[in-house]
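Before anything else, here is the set of structures, which you'll find just below.
You will see chain A twice below: alongside chain B first, and alongside chain C after that.
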Partner chain A sequence: MKLLLLPALAVLAVFAAALTALFRWSLLEFVPGSLAPGAYTLANFKGVVAPQYLHAVWDTVILAALTTVLTLAASYPVAYALARTPSRRVRSALLVLTLAPFFTGAIVRTYAWVLVLGNTVITWPVPMLFTERGVLVGLIHFSMPTMILILAAALSHIDPAYERAAASLGARPVRVFWRVTLPLSMPGIVSGGLIVFAWTLSAFPTPELLGGGKVKMIANVVKDLGLDSFNWPGAAAFAMLALALTLALLAGAGRLAGGRVT
Partner chain B sequence: MRSPALTSLAGALLAVALLAPAAHAQNALVVSVWGGNWKDTVEKVLGKAFTAKTGMPVEFEVGGTIDRLAKARVAKGSPLVDLNFTTTHVARLYISDGLYEKLDMAKIPNAKEIAKEAVRSDYHLGSWSYVYTVVYRPDLVKEDITKWSDLWKPSLKGKIAMPDFDPSHIITIAALMEGGNEVTWQRGEGKLKALKDSIAAFYSTDAQSQDLMKTGQAPVQVMLSVNAYHLQEQGIQVKVVQPSDYPGIVGIDTMAIMAGTKKSAAAHQFIDLALSKDIQSELVKALRAGPVNLGASVPANLKGQPGIFASAAEWKDRGYIMNDEARAKNLPGWREWFTANIVKK
Partner chain C sequence: MILRLAVLALLAFMTLPTVVVIAVSFNPTAILSFPPAGFSWRWYVNVLTYPQFQRAAWNSLVVTGGAVALALPIGTLAALALERARLPGRSLWAAALLSPLVVPGVAAGLGFLILAAALGLLRSRLVLIAAHVTLVLPFVVRSVWVSVRNLDPALERAAASLGASPRRVFFRVTLPLLRPGLFAALLFAVVVSVNEFVVSLFISNRVTEILPVAMFTYVVNYTDPTIAALSSLFIAATFLVIWLADHFLDLGRVFLQH
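Up next, the complex of A and B:
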């Protein structure tokens, strides 16, 4: 039986080795104009807590939180319809529409948003492209299919008899939803929320293309430091900082959610 | 029941399939270059001519500037490629890390015909040139743009894009405008800050730059001349400015031989062929970049255009060439300053 664990342990060992290498690089001195790092130092960690980098961390956390909440709000009605509609046709149509974005790459979808959010197709009353607003729209669109599928799975596990029972006892539909459906779908909300929050923390193509260089999230800063400034130790230090932050936020969110994960 | 003969045959075929590419790579000259049009052109113009001349096939490893640098670094001593194309200042990083072999100029007789500006070091030689200059869409910008200082006009507010991966061009121009240069770049800090509100977007790739221009999101750009000519070919009406106040910032792509390669002689032959008049003339036509061989012919429609230098005098007067070493050393600091003061809201 223990032998079955070997593949998982091998994968774990590879990831541990990669993280160790990353941590080692974060402690090496960056020498401008050279690829070879210098001696061991903590200077990289001091460097990456400069205001412009912390600003990117703050933007990332805020965007991830807003994306999670707004994706949930936008996805719940669709998931509800998907789980509860008696019509097979409507269910199939909703499922196809939900799954369709998975068949186009993230880059293609984001380029489509460049056209929509710019002023070439629609004249927006406020600037959308190259702003946090535009990035938020892109992130929500990217996250919705997954959230819808998770919520629909959770909703389909709720026995409609509970809702009928509440209604038969005089509860209006809104009250039934707030007091019965929503609490019972909480495992799906928590699971979907954690997944969307976690992957939005590491979002790269959406802020890269829709942010126009003006909206930087954590992954964009790592790329800027590593690939554009050739500062691999700095990029490693920022990545370690981001990893620690992500783990802390997810641990906090997990604790808040308690055991309510499907 | 399985047939032993069939099993053996299948095993042999699998071994051939797995080993064939490796065997082929052993016989071929492996060249590292950017993807897309760059690789297609080098393969069509240079690779085929090299194979026709020497009988040696040419294979390509394609990727971005830094991906390829990272690969070269981890393969130090036993390189995966024999010859490398990269920008001249990034080549400095290869050299500082001992990744390039010193060139034997006796084996590259055509190097005598190239502009002195294209001889970048004992390790790397220019292959073609271009400039970063002002490019704009006259259908979306009503006034003429003729010089760098026009970028600071209030009417262009919110219309400009420039690269954020390498702000060295605009930093150098701002410094030149304030009587400095890339070494004393701090002189231009105030000038750069005054440009902040005019910038609509920063682009990270050539493709993004072209998309911003095509969609009109940023109809004025500090742009690579080669990309601007490419847009013109696609029917997008863009004007490539030959700035009257300060020259465009010259970019030179270079060739070098990887240290530790077993095909040094062939790589020298490849570089020599790349620098020949005929190949240079073909490269100019295909890439719309400037030749480094001063004897190469330039099509009439490209003569005198930004980034196309056809004589020693044009190399000297019509472009500003930054110091490679200063650029490689300063770029991280420049980016940090640029991000904190210009990119940040």
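Up next, the complex of A and C:
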């Protein structure tokens, strides 16, 4: 029986080899004009705090934080409707509309926002495409399906009897929501928030296309260094940074959610 | 009432880009306008006749077909082992198998690029297939594992006690009972692989690139509605898949219960 695990472990070994190669190269010296690296060094990680890249790290953290908060606010009503609607047809419709972008690829979704944020459909009062504002809109749209599913799962575990009890004791609907529903859905809010924050920290297609080279996040720097400048060691250091941040956050989310992530 | 309005507005926000893409795909001119000034199929013709998209579509078929054909049996066996074998530290093994899910795309992509370069495999679609297998395997394991957990071993013991060989029990009892999980696994694996972009961007070139990478390159270089047409085809396929899944799987159960 245990032997059945072997093929999967072989696949895992390939993945581990790729990540090991990444880690090793993040510690190797970049030789400009050559794909062969030099000796072991820590210089690549100093690049992470170099002035020309520090703002990308900073932008990444700010955009991820804003995305998390705004995605939570935008997803909660939809998740609530999804978890509480008595009609199977409404639930089905909400679920299909929520999942559609989830199943549509990143490129299709991001390209759609290029059309909307460029001034073809709506003439925006302020520039949107190739600005942080535009990237933020795209990131929120990208995170909403995940957040809605996590929040809806948390909300559907709350026994409506608690809310009815509060209401029958005289609490008005707003008070019931703030004092009963919201606190009871906290596990979903925390794990959903951490997962979206972690995902957004390593977002790539959204800032790449909606930022148009003017807005850079960590993943865009990895692509610029790795694929355009052939500086694999430098790119590897940034990729390791993204990996470390993501793992730390998801470990936190896992602990808070009692070991149930995604 | 306010809640209902808010939900409708948010759903409009979520659907707006899809509506715009489909509307723009029928635009008669290369300069985008909304609402469209007329109706034309020319960008759909362009999608189907553009050689780079034809090549990329073939690559997508090979990569997704290869990756799913490998990941489905590998993941199914792993799910059986996770549930049935006496494994010390089962949750650790499960976490390890699901771990590729949490690794950022650029980290995995650059890692595979460096590894492939070291092995001299950069010009081959094998690297893409290998990467896609690792990326879809967690979805397969998770979907099949749920089905294995719901499978009553008494049914298999009954078949064995009636004289069926272990092989026959596996193919005539176990596999048919796992069908819902296998179907969900197939669905997830195909959707994830067909849409995979970030890792594929790092390990493909103009000859081996799959559709999402070819679309990305086109968007960066051209502004005409060709990608809107291709995106509309993707969206239509997606809705068909979700509708089928909802019909056969009850998505609410899949997504809200576990």
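Here are some notes:
Following the convention adopted for this analysis, the second predicted complex is superposed on the first by the 219 of 262 C-alpha atoms of A that agree within 3 Å, B and C clash if a C-alpha of one lies under 4 Å from a C-alpha of the other, contacts with A are read in each partner's own complex, and residues count from 1 in each chain.
As a working rule, a contact is a pair of C-beta atoms (placed from the backbone, for glycine too) under 8 Å apart; a residue touches a chain by one contact, two chains touch by 3 or more.
Please read all numbers here as calculations on a predicted model, not as lab measurements.
Look at A:F30: by the touch rule set out above, it reaches chain B but stays clear of chain C. Using the contact criterion defined above for the overlaid structures, shared-chain residue A:V174 touches neither chain B nor chain C, since it reaches no partner. By the touch criterion defined above, A:A39 reaches neither chain B nor chain C.
Of the two partners chain B and chain C, more chain A residues are in touch with C.
Of the two partner chains placed around the shared chain by superposition, chain B is the only one that A:L129 touches, whereas chain C remains out of contact. After overlaying the two complexes on the shared chain, residue contacts for A:A50 are found with chain B alone; chain C is out of touch. Using the contact criterion defined above for the overlaid structures, shared-chain residue A:L227 touches chain B and also reaches chain C. When the two structures are aligned on the shared chain, A:T120 is found in touch with chain B and with chain C.
After overlaying the two complexes on the shared chain, residue contacts for A:Y111 are found with chain B and with chain C alike. Shared-chain residue A:A161: touches no atom of chain B or chain C. Of the residues of chain A, those at positions 35, 111, 114-115, 118, 120, 209, 226-227 touch chain B in one of the two structures and chain C in the other.
Chain A contributes residues 30, 32-36, 50-52, 55, 111, 114-115, 118-120, 129-130, 208-209, 212-214, 216, 224, 226-231, 234 to its touches with chain B in the complex. Per the touch definition, chain C reaches chain A in the complex via residues 3-4, 6-7, 10-11, 13-18, 20-21, 24, 32-34, 71, 73-75, 77-78, 80-82, 84-87, 91, 93, 96-97, 99-108, 110-115, 117-118, 130-131, 133-134, 137, 141, 191, 194-195, 197-198, 201-202, 212, 215-216, 219-220, 227-228, 231, 234-235, 238-239, 241-243, 246, 251-252, 255-257. By the touch criterion stated above, chain A contacts chain C in their complex at residues 1-5, 7-8, 11-12, 14-15, 17-22, 25, 35, 74-75, 77-78, 80-81, 83, 91-92, 94-101, 103-109, 111-116, 118, 120-121, 141, 144-145, 149, 152-153, 156, 198, 201-202, 204-205, 209, 218-219, 222-223, 226-227, 232, 235-236, 238-240, 242-243, 246-247, 250, 259, 261-262.
Interface residues of chain B facing chain A in the complex, by the touch rule stated above, are 64, 66-67, 69, 73, 92-93, 96-97, 161, 164-166, 200-204, 208, 211-212, 215-217, 325, 328-333, 335-336, 339-340, 343-345.
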